[in-house]
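Paired with chain B in one complex and with chain C in the other, chain A is shared by the two complexes that follow.
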Partner chain A sequence: MILGYRFQKVKLRISKAGQRVYFNTETDKDFTMLKGIALSVGYEGALYGSTFGFRVDEKEIFDESHEAHLLVYSNDISPNSKMLLFEMPVPVKSSKVEGIYTDSSLQSLLGNASYNPSGGVISRNEVNIKKTYVSGKEVVKFSNFTVDDNLVAYAGSGSGFGGGFGIGAAPAPDPAAQVYYPYDVRVILFLSK
Partner chain B sequence: MKNNKFQRIRLRVSAMGETIRFNGVCDKGYKYIKGVYVSIPQDKAIQSATLGFRLNNVELLDDGHEVRMLTCSNNVAPNTKFFSFPEKIEANSGSIEGRYTDGSKYPLLVDNGEDLGVFDPGKVDFKNLAGYNTNPFGVVFPYDVIINLWLTNE
Partner chain C sequence: MTKGRITYYPVQFIILNPKAPVTINTVLPNHISRILGIKAIHSVGIEQMSSESYLPVIGHLSLEFNNKQYHFGNLDIPFDNRPEASDEYLDARIDVQPNSLLTGNYENKVFTDSAYVGADGVVTDKWKNYIVTIYLKTLSND
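Coming up: the complex of A and B.
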């Protein structure tokens, strides 16, 4: 006897920065609906900018640039809310499932030190603050603004802008955002009858 | 008689990567098992740990099911802390079997080595993994795990 639900899992191993991992498999033949999906990633630093595309029977559910961190959960979430549940369950029957996970860490602006030759740190000289935007407005137009905790953390790292309390330079990458390899990603599919 | 009961199974995990099998019987007088919640005293131990669970030889959770899907922090309201099974499952003094596997032997891997991607524990050399000199998860052993089962008549 089997129950009316199953959590089918696909495991991926990401071995190097910027790797794209493609997989395909079939949904369990005993189940007819794909109700939800979640990603489980080894640690959060690997998430930002990483993308996950997903198709069922050649039908696109997520395009390839869908951000992986939209499909993950933390421990501060109720166990029953840890999956993305589709508004309309996707009908399946031994369906072909394909996915592609792309590691983000080639994008040095995301603060990853593992790929960028300079350690992921953007040199102040390489940052043109006049072309750096905050909420769509040019930073240089702000003469008076409230400093939140994050900005205070960067105070003093500036390059002659704002006198030590402003956003003088691009923030140094958060060390916690470094990505180490290999790491695993688990794709969890919630199937039901 | 009460309609709800929280039955607990306590396990002691003594070493990295340990797998503990347990079995028991659902308390009599309750028709259904409604949910499960896994209590772990160290957040770092949640990562990669897995729990398989069977009731009356029916698999409710496969052996690779991640504990992180079955637990939550104190920031979650008490009424939503349990993982509720998607359907009503009859308990009726049924026999319980389970398998808890500590994941901290494979800190970089969401993988306990039960199938593809097996890392022989003896071959994981942290010094050769970029950035790590020791086990970065730093789980302290032993630790206890409490598996809470929510039994009900409703």
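Coming up: the complex of A and C.
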């Protein structure tokens, strides 16, 4: 017997600072509504500044700069209190879903000195460093994912905030907020009939 | 039945000087037809200046929609890195005009003393830039 709902999972492993992990899969064919989404991490300290973009059938639900910690439950938080439940469930039918998790992506923007002297809105082109969504026809199997090694932050000397914009010019992380790698992120899709 | 789908649109802005107000001025995408909820949060940066995990107010944000025709109000922005931090959206029912501006101002309220910014307005090494994000829960018709 098939239950009326299912939590479909995709597991991602973040191996180093600034890593971007892309996945795509398709929703279970027996379920027709995507009612919610959550991320689960074993290591909460990694979340702040990390982002998660998400699309269904090539239509964006979350921009790539959506902060991951807004979607997360961990040992301290029950799933139903942090899972984002969609007010309008997203219709699915073996739909293609894509996601992109970027570790520490917002920290890389802190060193940008090219804005107005007081600051201002960060342009979309800079926030979404590289649009990673792929519109290819192939659907990668569940839990398969690819890693973009060219986009690794903190490759520079960690010289603080003096550098210009660039992934390699990200500021050195605060020792108090030290992140340990690798860590795993599970993407949980709440499907119903 | 309402047509369209809900998307979440973030607008990030950076604060580079503790005493200088930040002007927000950006065009919302054409596919956004309605704002259903608004949330403004600190994203990154403050944790490099404070060992606290919660500061109730780090700044004041004023927001206007539809080319300054609709003033949403003034919001206090907290710094909240606690796991139990609220992730609720403020209710809003704003019909968005095509290609209209989202405007506003942000005024920083923390780390404004002379240790962080000199009399000449130049920030010291103790000051760290930080980012605030406005999340718009929107009805999209794309």
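As a working rule, the second predicted complex is superposed on the first by the 114 of 193 C-alpha atoms of A that agree within 3 Å, B and C clash if a C-alpha of one lies under 4 Å from a C-alpha of the other, contacts with A are read in each partner's own complex, and residues count from 1 in each chain.
In this section, a residue touches a chain if its C-beta (ideal position, glycine included) is under 8 Å from a C-beta of that chain, and two chains touch if they have at least 3 such contacts.
Here the structure is a predicted model, which is why all the values come from computation and not from measurement.
Asker: Which partner does A:76 contact after superposing on A: first (chain B), second (chain C), both, neither?
Answerer: A:76: touches chain B and chain C.
Asker: With both complexes overlaid on chain A, does A:183 touch chain B (first), chain C (second), both or neither?
Answerer: first
Asker: Considering only the touch criterion stated at the top, classify A:101 as touching first (chain B), second (chain C), both, or neither.
Answerer: In the superposed model, A:101 contacts neither chain B nor chain C.
Asker: Between chain B (first) and chain C (second), which does A:52 come into contact with in this model arrangement: first, second, both, or neither?
Answerer: A:52: touches no partner chain.
Asker: Taking the superposition as given, does A:11 touch the first partner, chain B, the second, chain C, both, or neither?
Answerer: first
Asker: When the two structures are overlaid on chain A, which partner does A:44 contact: first (chain B), second (chain C), both, or neither?
Answerer: second
Asker: Please work out whether A:3 is in contact with chain B alone, chain C alone, both, or neither, and reply first, second, both or neither.
Answerer: Touch status of A:3: first partner only.
Asker: On the A-aligned overlay, A:67 touches which partner chain: chain B = first, chain C = second, or both, or neither?
Answerer: It touches chain C, and chain B stays clear.
Asker: List the residues of chain A that touch chain B in one complex and chain C in the other.
Answerer: The overlap between the chain B and chain C interfaces on chain A comprises residues 74, 76-77, 82.
Asker: Across the complex, what residues on chain A touch chain C?
Answerer: Its residues touching chain C are 44, 48-49, 59-63, 65-67, 70, 74, 76-77, 82, 86-88, 90, 106-107, 109-113, 115-122, 127, 161, 174, 176-177.
Asker: Would you pull the chain A residues touching chain B in the complex into a rising list?
Answerer: Its residues touching chain B are 1-7, 9, 11, 13, 38, 40-43, 74-82, 114, 178, 180-186, 188, 192.
Asker: Spell out the residues on chain C that touch chain A in their complex, using ranges where they run on.
Answerer: These residues of chain C touch chain A: 2, 5-17, 20-26, 36, 41, 43-45, 47-48, 51, 81, 83-84, 87, 128-131, 133, 135, 142.
Asker: Show me the residue ranges of chain B that touch chain A in the complex, using the header's touch definition.
Answerer: 37, 43, 46-48, 58-62, 64-66, 68-73, 75-77, 80-87, 89, 108-111, 115-117, 129-132
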